[in-house]
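There are two complexes below, and they share chain A, which is joined by chain B in the first and by chain C in the second.
Let's look at the complex of A and B:
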């Protein structure tokens, strides 16, 4: 991918120079990322950008500065790729925070809020991810289980064994595409657990070994790297099950993983997990595990409001099981934490998950 | 030495007079006192220059000598004062040549330089030092004032032959303060040169900073002509006062000789209206009652307007040169008003200039002058300020009068300036004067509007080009590296510049064509445009009515 991104950048440069030679305004095309151009694609099952295109061009008063800035970002990223060095989007901003010249009282960039959206422009225009341009994002998320990876980084070639990550697990990097390849995946499925504490509990039980799976926690809302890692495992044929609290935040985490988010709609194809299933916790679990009825919490206003909204989302309303679940929430006005499953005994969580997964009692 | 109780009493009274009236005479507050002193000395020099026909070169230096203590040195090249008059001119209060004259004049009424020397003496106890070069004789001496007798005290006098022609006064001042503000000496001098472009002033501030205000015009203004007051501008009180100072032996002669436009026929008409007053009596027989009756009768008759050719405006071209010289604005617009009469009998003229777009900004956006003298104080109470404030500046494309680089210069020229108080820093809020000043400002503001319209257009154009061109170097560098063709950088840069020039050229052509069409359309629809304006006005009114 690194070489592909480099080629795309070179091609962009060549195209722009060609336009100047023909004395037309240098320009490139990108896709509109505003809400108006984000659609839920029933066919593929995730949010993606529509077909509205925008041309970024130099000879337009309103665009001249942004155009120049975008090309500066492109050139800087090209240098990172050639040098094989990575940085963050903040690091990139600092690399480009200089004056345009002694006689020009203007800086290339004044604030990082100027450079961030232009990076997205470039990602969309070139159909690459920022990670492909050697721009790191924040690392969040931990995995352990039946997989082996080869990590080529900083001149070293390291074999990572997901079964030998001890109590802390393997920390999922920002970029899982470039210089990182699966050597072996023995696991039969991926289990995503909302909370880090729950992951640690299951890791201590060696759940991934007993169940032959990959155990992942995004530690709340999932990072790009974490979603991409799960996507790659699913591309190898593994199903994915998600285990969160039964509340507004938990549902949000699940649906972002499944259908993608508005902000990253332009990357949904690489990040979303439409085939994933929801394993729990659900309100309907109460009828199967009656101890849970005593461990509910009164739902907050936001949980109720969220549930009401979700019922009407087209990508949710088509799933009857979800509509029933949300109606239950709205009726009882209660919520459940995944931690409640440790009520009878600490390892009950493992039993609960094993049972539900084996019996395929999921929400879609 | 025994103290003469009588002389002590007298001393007390003169000093007391000065102290009591100090505020009225411009000596209120430390900053203002210093500005007043500089004003008195410079005005003297400018007047002297006019009288002898010399282009004034005035040098002023202030040095700090302690807390609120300064030494002032003022020097001019305006002919000096002969030994005989030196004491009278500088060491005697109310001894100036200007008192009781009906003439367009600069200074305060006679308090002048001797008042400043008095101030110096009562605040520091030291005499002033003077060097006067008059007709190749140079006199140097100390001058103080015997306050009990109100006579000059001249000591250490030396006399030499030499080239120096002019006057230098050095005095120590207490209870004054230098401040670089809209009320300070620097601003005063700057505005003085604006209103007196034939003068050159060099100023050394207490921090040793040297300021040079160069001359903009090489012609000395003609000295003002003394004139008789017009009878319509006279009050009963004036009449009684005048009647005590004149040589005529009859009231009829007094009226005909001392006032302008009073012919012997007019005197007869007055006599017929006032059978009770005997016009053959000496004028000293006029008391308040008879004077009041006389003035009442005067106002029932028709009079020829006073002559206005005695006014000495700065002149349109001179004002323009002065503004260019000192403020260096991008644009100057001026009024061109003829002299007017107020109170039916006092001629005056208003000169307005508006300067737009300057970097060496003035402290005061409204620069007021009375007979070329800057008015720095009491702006709020002044009719000139009032007139400027009531202008709807937005109509002239001046959307933000307070913050745009704009200065309004207003000079009020008259033989009798209707000041609000003896401090002489504000012109009375008289309706007819404010209306005339407003007219003058609006006359000057019209071309400013046209200019600003033009600038906005030009700015749009030049900034459009600039916006593109300023990014060309950066863009060319990045593009050439992006395409891995760093050697092509200069060629790309040239290509981009060509592209910008070509594109901007096309846009401008389109705009010009559009503007041309719009102009023709406007010319054809002139009446319609006016009609719309009225329509809007009506709408506003209706909305307010609701």
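Let's look at the complex of A and C:
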């Protein structure tokens, strides 16, 4: 992708120069990312952008400044690609301030937040991710299990063996596409565990070895890199099961993984996981695991409110099992944490997951 | 430590049983952890507990409940040690709820926050860390460089090679003491970098290889595990240099690493790094690196307020270089981010660090 991204940047530059030579206004086309152009696509099962496009043109008082900023960003990213070096958008921001000099600085990029939508413009206009432009995003999430990766980075070539990560696990990086390739995937499925503490518990039980899977924790809401990593495993044919708390935050994590999010709807194709299934915890688990009834917590207002909202979302209301689950929450006004499964003994949580996954007891 | 901790728990249990058999009230002694018993010890260079002790006794209306809770926790931790399994304090909480049954539950441990000070009681009374009791703490932070570790965990023995961690680095775990031993440390110093994005930048430059060091990022404020990991490297004779933003948050990160914190004063001996030095960024860098004057940011109110406070701390006021630096901040009302060093070119930050460390231009 590195080379492809470079070519796309060069093509954009060539096009702009052509327009200048023809004495027309330089311009480029992007897709509208505002709420009005985000749709839930039943066919593919995720949120994506619609077809509304807009043209950014230099000779337009309202757009000239942003246009210039966007081109300055494109120029820097091109340089990073040629140098083969990565940075954060904060690093990019300082490069721009340095280049443009003291006098222009304050007007041009005094706020980093200003550069974010411009980078999104570039991502959409060129059909690349910022990771492909050597811009690092916040990384979060850890994995272990039956996979091997070849990591080409900083002039070195390193074999990452997911079965040899000890207590720590492999830290999922910002960019899992460029210079990072699976060498082998023996695992049969991906298990996503909301909390890092629970991931550590399962890692200690060597769940990924016993059940032949890849054990992932996004540590709460999932980073771009983490979603992309799971997507790549699913593209190899692995199913994915998600294990969160039974509460507003847990459901949110699951549905964002599955259907994507408003913010990143422009990248849903690469980041969303519509085939994923929910393994637990559910309020209906109580009828199968008696002791859980002792270990519930009173639902907070936000949990109840969220359950009420979710029942009516068109992409949820058609899932009868989810509707039944949410109704249980609304009836009992209780919630359950994944940690409660450690109540009888620490390793019970492994047995629970094994059983539910083998018996395919999912919410879809 | 695992076995030592087990012995300490057994000794405590034996003592309590002895007291019961003698028909006296079971009791144990701990050290007062409130602010009034925390002192800055000039001799060792960190915050630590004073000598005030208190006795917790069972036959005391005000203490009976807490006493019982503490013993219940000690009992569970003993079980975890015997089983060789770890959990979080959330896992512990559910084990206690499960054991004690539905009727007592609400009274005994309805809030997890309640168990935290009780665990601290145990840590202090037994002179162990909760990590030694198989309780995981939040982990954060990443390292790479010239070190090798042997990680005995989950029945496996894994070699962690700090030079073969690719783009990700080695994730610093909760417990870096039990079953985790250095096999080799070739590095000559430890470099602690505030931000993960900057760590990734330096990792890509293979700074740890070129400069023969261990490159650590705590990702902001440092976790217990991260502080302990650096402490262990320093105990092997490595000096430690810290690289943060020149602002309130950066200074806080540095001084907490160096002198410990109020919250963890009871563990300062194992967690604080009084010998550590500050490599940058400083406002005084501007006279050596001209371009930085273009890349400052207006200081926020909190930065100014913090600088004013810090000048008067007894453990800071004796450091003339720090006082001069803080006065510069107060005069100019500006701040500098470590990312600004990427302004001229992405790899400039490596040159800056190399130069300042070789020339020993530190604030101490």
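Heads up, the rule we're going with is that the second predicted complex is superposed on the first by the 354 of 364 C-alpha atoms of A that agree within 3 Å, B and C clash if a C-alpha of one lies under 4 Å from a C-alpha of the other, contacts with A are read in each partner's own complex, and residues count from 1 in each chain.
The criterion applied here is as follows: a residue touches a chain if its C-beta (ideal position, glycine included) is under 8 Å from a C-beta of that chain, and two chains touch if they have at least 3 such contacts.
As the structure is a prediction and not an experimental result, all values here were calculated from the model.
S.K.: For A:58, using the defined touch cut-off, is the partner it touches chain B, chain C, both, or neither? Pick first, second, both or neither.
M.R.: First partner only, chain B.
S.K.: Have a look and say if chain B or chain C is in touch with more residues of chain A.
M.R.: C
S.K.: Just to be sure I read the superposition right, which of the two partners does A:359 touch: chain B = first, chain C = second, or both, or neither?
M.R.: Neither partner.
S.K.: Quick one: classify A:68 as touching chain B (first), chain C (second), both or neither.
M.R.: In the superposed model, A:68 contacts chain B only, not chain C.
S.K.: Counting only touches as set out at the top, which of chain B and chain C does A:17 meet: first, second, both, neither?
M.R.: A:17 contacts chain B only, not chain C.
S.K.: Taking the superposition as given, does A:290 touch the first partner, chain B, the second, chain C, both, or neither?
M.R.: A:290: touches no partner chain.
S.K.: Once the shared chain is lined up, is A:90 touching chain B (first), chain C (second), both, or neither of them?
M.R.: Second partner only, chain C.
S.K.: First (chain B), second (chain C), both or neither: which does A:301 touch?
M.R.: neither
S.K.: Need the overlap of the two footprints on chain A, from chain B and from chain C, as residue ranges.
M.R.: Residues 101 of chain A touch both chain B and chain C.
S.K.: Under the touch definition given earlier, write down the residues of chain B that touch chain A in their complex.
M.R.: Against chain A, chain B makes touches at 464, 467-468, 470-471, 473-475, 477-485, 488, 492, 495-496, 498-500, 502-503.
S.K.: Using the touch rule from the top, collect the residues of chain A that touch chain B in their complex.
M.R.: Touching chain B from chain A are residues 9-10, 12-14, 16-17, 20-21, 23-26, 58-59, 61, 64-65, 67-68, 71-72, 74-75, 78-79, 100-101, 104, 106, 108.
S.K.: Give the list of chain C residues in touch with chain A in this complex.
M.R.: 80, 83, 85-88, 90-91, 93-95, 97-98, 101-102, 105, 136, 138-139, 142, 151, 153-156, 158-160, 164-175, 180, 196-198, 200-201, 203-206, 291, 294-295, 337, 339-340, 342-344, 346-347
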